[in-house]
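Letters A, B, C, D and E mark the chains in the order given here, with residues in each chain numbered from 1 onward.
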Amino acid sequence: AVQSTQKPQAEKKRLLRIGFSWPTYIDPAVGSDYSSSTAFTNLYDPLIFPGEKGVPKPWVAESWETSPDGLTWRLHIKQGIKFHSGDELKAEDVVFSFQRLLTIGKGYAYLFTPYIDSVTAVDDYTVKVTLKKPYGPFVAAMMRVYVLDKDVVMQHIKKPGPYGDNGDYGTDWLLTHDAGSGPYKVKEVVLEDHVYMTRFKDYWGPMTENAADEIHMLSLAQPATEKTLLTQKQLEISSQWLPEETIDALAKENYLKVAAFPGGDEFYIMMHTKKPPLDDIHVRKAIAYAVDYDTIVDQIFPGNPIAKGPVPSYLPGADPNLPTYYRDLDKAMEELQKSKYWPDIKNNPNKYAIDFHWIAEVPAEEKVAIMVAQNLQEIGLKVNVVKVPWLSVVEEMANISTSPHMVSVFVSAHYAEAGSLLESRYHSKSADTWEQNEWLLNETIDQMIEDALSTIDTNERYQEYAEIQRAIMELCPSIFLFDHMLKVVHQDYVKLPQDEGYYTGVMGYDFDGRLIEVLSTT
Amino acid sequence: MENEYILKIQNLKKYFETPYGTVRAVDNISLKVRKGTTMGLVGESGSGKSTTGHVVVGLFPPTSGKIFFKNKDISVPLEKRSKELKKDIQMVFQDPASSLNPKKIIRDIVGLPLKVHKMVQTKEELEEKVAKLLEMVELPPEDFMYRRPVDIGGGEKQAVSIARAIATNPSFVIFDEPTSALDVSIQAKIINSILNIQRKFRLTSLFITHDLSLMRNISSEVTIMYLGKVCEIAPTDVFFQKPLHPYTQMLLSSVPVLTKEEEELKPKGIKSIGEIGSPIHPPSGCRFHPRCPYAKEICKKKEPRLIEVEPGHFVACHLYAEK
Amino acid sequence: MDKDILLEVKNLHVGYKTHIGISHVLKGVHLTVHKGERIGVIGESGSGKTTTMKSILRILPSNGMIKEGEIFYQGENILEMKYEELLELRRKKISMIFQDPTSALNPLFKIGQLMLDIIKHSYNLEESEAKEMALKALRDAALPDPERVFDSYPFQLSGGMRQRVCIALALIGDRELIIADEPTTNLDVTIKAQVLNLLTKLVRERNVGWIFVSQALGAVRENVDRVYVMYAGNIIEWGPTEKVFSNPMHPYTQKLLECVPKLTGTEFSKGIRGRIPNYFNPPSGCRFHPRCDFVMDECKKTFPEPVEVETGHFVACNLYRRR
Amino acid sequence: MSRATILSEWWKTLELKKKWYNFSRSPLSLIGLIISLSTIILAIFAPWIAPYPEHAGFYTDFEHANLPPSWQHLFGTDEFGRDVLSRTIFGFRYSLMMAAVVLTLVVPAGVILGLIAGYYRERWIGKLIMRISDIFIAVPPLVLALSVCSLLTPSAFHAMMAVSLMWWPWYTRLLYNVTSSIKEEYFVYAAKVTGASSAHIMFKEIFPNAMGAVLTKITLDVGWVILLGASLSFVGLGAQPPTPDLGTMVSDGAKFLPDYWWISMFPALAISYIILGFNLLGDGIKDAFEG
Amino acid sequence: MFKYILVINVKSKIVRCVFKMRAIWKYVGKRVLYVIPTLIGLSIFIFILSRVLPGDPALMAAGPNAPKWVVEQIRHQLRLDKPLWEQYYYWLVDLFHGDLGYSIYTKRSVTVDVVEYLPASLQLIFLAALFEIGGALALGIISGRYAYKLPDNMVRVLAYIGISVPSFVWGLLFQLIFASLIPLFPSHGMYSYGTISPPRVTGFSLIDSLIAGQFDTFVDILWHMVLPAFALSLGAMAQDARIIRAGMVDTLQKDHVSLVRAYGIPERTIFSKYILKPSLVPAVTVMGMDIASLLGNAFMVEMIFQWPGFSRYGINVMLNKDINGIVAVVLVIGIIFAIANILVDVVVAYLDPRIGRRSA
């Protein structure tokens, strides 16, 4: 009884409590992961908003023009948007947000740093962006530019800090506060515990009628806890990493619903193409033919479609007609025998033992890792499975020599286009990031990607994307496991747009307080 | 003439630094031990008897003063002493319980000095020699050789200690109250074997005890100590006839006795009073003065020197200095 | 028998339960104390003296068990007393001075705390009256500066003072019987004499019954009226002090007296062979027989009945039964 | 001569008998012995005892995942379809191996340092050793082991190293205390006076007196090391999956509480079982040496 | 009149206490001096370890996609581009200014983190210590009182179980039983949802809630503490009960117990006074250390119960290789440990007059 003790509150509220994992950095120039991005969506307004299936929608940037060479962009800012401070959102705030993002360099800055030359305010409602080179998906990328209230931020800078005159650029304050214009504003942030947001009454944009009064993002580390909370109706939406077992158990309750929707990411096993024996394409192909894809999507991650190529099939620009790999042990053996390492492997599998790293934070990956190890054992390859914390994976992938043979990672598009993933996964410049363990370092591919990205015309660009995808399939640098479907369990009194098949496929826009209806008050 | 003395202690001081202050355990004492005799060292608890012994065998280097053994200066730390010397001076310790390593068998305990000084080569030789030594202290070797100290009684332990001490055939042995922890019936046995051994090996020894009656039966000369100082040195017979120092008299008068004859030996008219002082803050002047019935002003201020009252009879007391 | 008898221990059998088995320590101990009489109990270490004394007050350790026997205090059997009666006995009638003053005083409590606690439990007194009583006892025990002692922890006192404190405890109120279990064993020679003199003086002055347990034969001889000799849990000889010491009958007593070194320095005894038996499997019959020079067959079978050899002088030895 | 040998043997067996007697006096010690022996036997013969030894390695059978305890799977199966009982039995192996490795590293080092520190207590070398050992026990071992492990890449090997690093000071302390108290015993004096070397005194005179305490501590430490190891892997800084490490099994299985309680609860019981066994055994050994 | 006496009495007591305390303070001062080099050594050890072991904290701090110059900037900010001794020197300098460095995990000063999370842990440990002491005393005394009898044997078996079951197993078990199956207690966290934490004054939420007059919040927090505190305390409780028992059994044999018995002090007083106090002396040392060690076990328990405390923070910084965080966690725990050590010594010195005040 005491469990549900709550402070007697004056009025009943529509509460939306969502499970997340920490860290959650609510500063748009710092965070870039799932929970941070979800917080941005609710606390801030981006320049461009992803509509259904990720199609860009004008948002703070009401409209825009491009110069013919694609290097100069003029953004027209919507008038009458109010920040939580009550001030109006103006062009200088946009400029400030851009500059702050680029100066700090963390978060989503990487989407823009290679391209942006300068950002200036033409007048109160017009922003001019000059690019160093053409950037086809610039519009889609602007879904990651969240507009901050310049005055509020500047009031809270701490000096001295790493950013000269700007001190710490407000990073300390923004850890636990917001300076946004979004539909919700921060009520309380306790690091590692929760982010409480309350409805911003003066929000300018569209909201559903039954939008939540408060959104609580709760840090929940244990599925068992989540389960308890869900059954006791103390949690509206579960986190997205619940084990299948728990989801199954919860799905039996009639007051709970399971929502599954594309998360914009794909699950890969990245193979280090410069490390023996994986530097031999035949070994890579053998592995691609040995993996038991069906068991993965039937048993380990049920409900996820097998990947059809390097990008999720619903992503704009994905080619649905690629030739794919499938489990066929004979073919696998055949390929393996073609490899120059075969005699050695046959004699002593330990000589070319393959390190398979999986990410500790996603326990279900262990199942994949062990199953793949089992699969490869069948064709005579020896695998060492290693569990590695996420940040260590990031670190080891920064270096060609420390990168493991294989690593299984979920990678999502930064903006809703195939080009995003193609670039981050296979372009040489991303080889030293966690998004590419392949170390493909293939100039032809690099050139093709760059060409495609600087193509302003959408259709043309998509054509070029398709060609890149075909080339990559041929090189077989990765195992394409499945297009990831996010699965959450939620109370039946909560209506998610995803229940009706709506999705954006853009990370962080899944739980948008503007769209979620809460039909019960507590 | 000088060679007569096997051990000469000159102005020996041994202070210990402790968290509570400097303990003046032995404070400027001098004595000589004649070859082939037994010097008795008597004093109450804390008077510095054991410390004297420990310094002589080299466990602690002296704070100041000199010790000569066979005319050689041996007032150096143990590490600097020659193996020969270590072989020549041995000691039997006060507490039988702690004298023997409880984890070793008697053979190895007694055999250790033999091994260290390479007096035996093989195991058989060792067992043979150890057996002989054990027999010498009246312990049946077969019974004791393989036992551990926990399995034997206190008297037997002390016998083993004695066997160990004479293993290297030393010429000088210090017996530090070897029987104070034992029953009288056992004490008699141990003392007997000590006497036998002394006779057999022509041992010179320093026999430490607090029991005057025992001393009477063992030593040829007596040194009485009080709080780190020597009060009186005398041949045993002379001493019991005519104790000079008031403390010595008090000590003698305090001995409970069994017979009339003994009672007569006890000095009359002096009674034990007061407490033994602390070696950290010893009384000024004569250390005995707070308990002395004859104490005078001078006793509080000036430390009496050890003077020879009659040949071989020394006393440190102002009562006799004047005469 | 007669009204004069204060305490009578009859046929006391006490054992200790240990993990090795039962140790049969006392086997038929008997003891009589008359009003105002001073009794000595002598015996070597481990002969069961303390066990007997603790049995009288029923303060044996938890593994000790009285198997048989009676202990009458003025006609009342202590072993059958109810807890309240027992408390009364301990509070008003009998007091005990323990062997080792260091371990007998709880190191964490001030002397005053302990004394007040004891006094308040014994006599329903106000704090100030109780304190007065305690101070008086301390003063009686010849402690200089009783106020300071009262406010001291045991570790702040010297050994002699600690034992005096124990004596002071025993002197509280008007007890009729004081048991002193080796009250001076752990003290220095001169201090020993002081404490013993004090104790005997007090006992004489107050004319209380006194059991003086000791290994020091001389001290016993000098201070008691009658003496009991104990060996391995048996009383083997008893009688008036003078008679027992001048004319010991039991072979053990004879040997024991021989063993004590004399101030006069006569020929040294050889000691008693063997050692005190182990109590888990004690010798049958007379427990002294394995060490006795006059052992006969029957000694191994039955424990000899005591025989009165002179008036009041009894001995339990088969040698005399035959006669 | 032969008689002498017989005699010496006789005394030795008598001593052992006495120790055994003291040990077996308490039924708890016997239970401890049985438990410890059983875990050791299970650990050594795991491949033959475990009903599904292959489940300890790369094995998945998702069809049979999360089955509750039954006759086929006495402890049920885990989320991979692996037999929890088999993995638990193999878990003993890893736990005991951890303890064995750590203790073989730590005990000699700690003992030698402790002897030196105690023997040369007044000299700088003794003081230095003790001050260094102070550093490693200035925080609970778990905290320092966790931090060291976290700075290294997580693996069973690193966990063992980290635990060892935290553990030697306890032996150093133990030996230091024993040595400094025994150092003033007369038998040490006697050895010195005779002229025995410092090494002899340390190892032949003093060390045997610490044997009982060391042995007791080793036995008790088997339990503590296993506990520490399990804690490390519970946090995720220990042995790597699919190694059937008990701590990892508990923490991995904890996700499925309360529905599939057997996945974590049986390994948890197993940890407690093994620690209990060695605790009881250790106390028994203490009795044997002290009683 | 009566009052007057009382005043005098109290006064003299205080005077005596002060006198006693002065001796103890001197002793404490010595202990503190002794502990400082150890702590410095500890900090050097963990500091160096955190910098020399493989791993690039700057890269981790920058986040997955950050460009090189950001990484360099962070490296500079963390002084990782300087030689080791210089890094340590500046770290020490900062430490004296109360700055433990920048946390790459929480992205703020570690000092802020310590101030924020430590009280929650201390509060939890305080309750656990209460359980521990209370339980250990009760069990130990029962066991010692009825040594070798049935209650003693039961307690001993319980104690063995208590020692053998790891705290994280207790935690999971309690969560399973008392939070999930029989929901008597909350399963995690410090507050029930919807409870807004009281305004921060002391940092100790229990105290703050009282200051704010939110009594139901106070109860709520307490309610959340019961399971983790209990899980935390069990091992130490069992351990201490054993020590107390052993102390009592040991003391029972002592002559001074025979003495008070011989002088007619009733059994109850003997146990509650003359036996208990001496048995507590060794127990206090162990208990104190056990309480301090709770901080270590709290790592797992706070993780299981998601207690927003310092130990959970510790786990997080460790799992995220937050070097400054790790160094700070170790050091802070070292300091607490040292304080506990000294406190224990003071208590023991208070209980046992012989310690630290022996005069010649």
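Assume a contact is a pair of C-beta atoms (placed from the backbone, for glycine too) under 8 Å apart; a residue touches a chain by one contact, two chains touch by 3 or more.
The model shown is predicted, which means the values in this text are computed figures rather than measured ones.
Counting only chains that touch, the fewest steps needed to get from chain A to chain B is 2.
Looking at chain C and chain D, the chains that touch each of them are B, E. By count of C-beta pairs in contact, B-C exceeds the other of the chain pairs B-C and B-D.
Per-chain CA centroids place chain B at a distance of 54 Å from chain E. If you average the Cα atoms of chain A and of chain C, the two centres end up 90 Å apart. Inter-chain spacing, taken between the CA centroids of chain A and chain E, is 41 Å. Looking at chain A, one finds that residues 222, 224, 389, 392 touch two or more other chains.
Shared interface positions of chain C, i.e. residues touching 2 or more other chains, are not present. Of all residues in chain E, those that touch two or more other chains are 55, 175-176, 180, 303-304, 319, 321, 358-359.
Put simply, chain E touches chain D in their complex at residues 35, 37-39, 41-42, 45-46, 49-50, 53-55, 156-157, 160-161, 163-166, 168-169, 172-173, 175-176, 180-181, 292-293, 295-297, 299-300, 303-304, 314-315, 318-319, 321, 323, 326, 329-330, 333-334, 337-338.
Residues 58-60, 62-63, 65-66, 79-80, 153-155, 236, 240-242, 252, 254-260 of chain D are the ones touching chain A in the complex. Considering their complex, residues 28, 131-132, 134-135, 138-144, 146-153, 223, 227, 230-231, 234-237, 250-251, 254, 257-258, 261, 264-265, 268, 271-273, 275-276, 279-280 of chain D touch chain E.
Across the complex, chain D meets chain B through its residues 1, 3-4, 7-8, 10-12, 15, 185-187, 189-196, 200, 204-205, 208-209, 211.
Residue ranges of chain C in contact with chain E, taken from their complex: 54, 57, 59, 61-62, 87-92, 95-96, 98-100, 103-109, 114, 117-118, 121-122, 153, 155-156, 166, 169.
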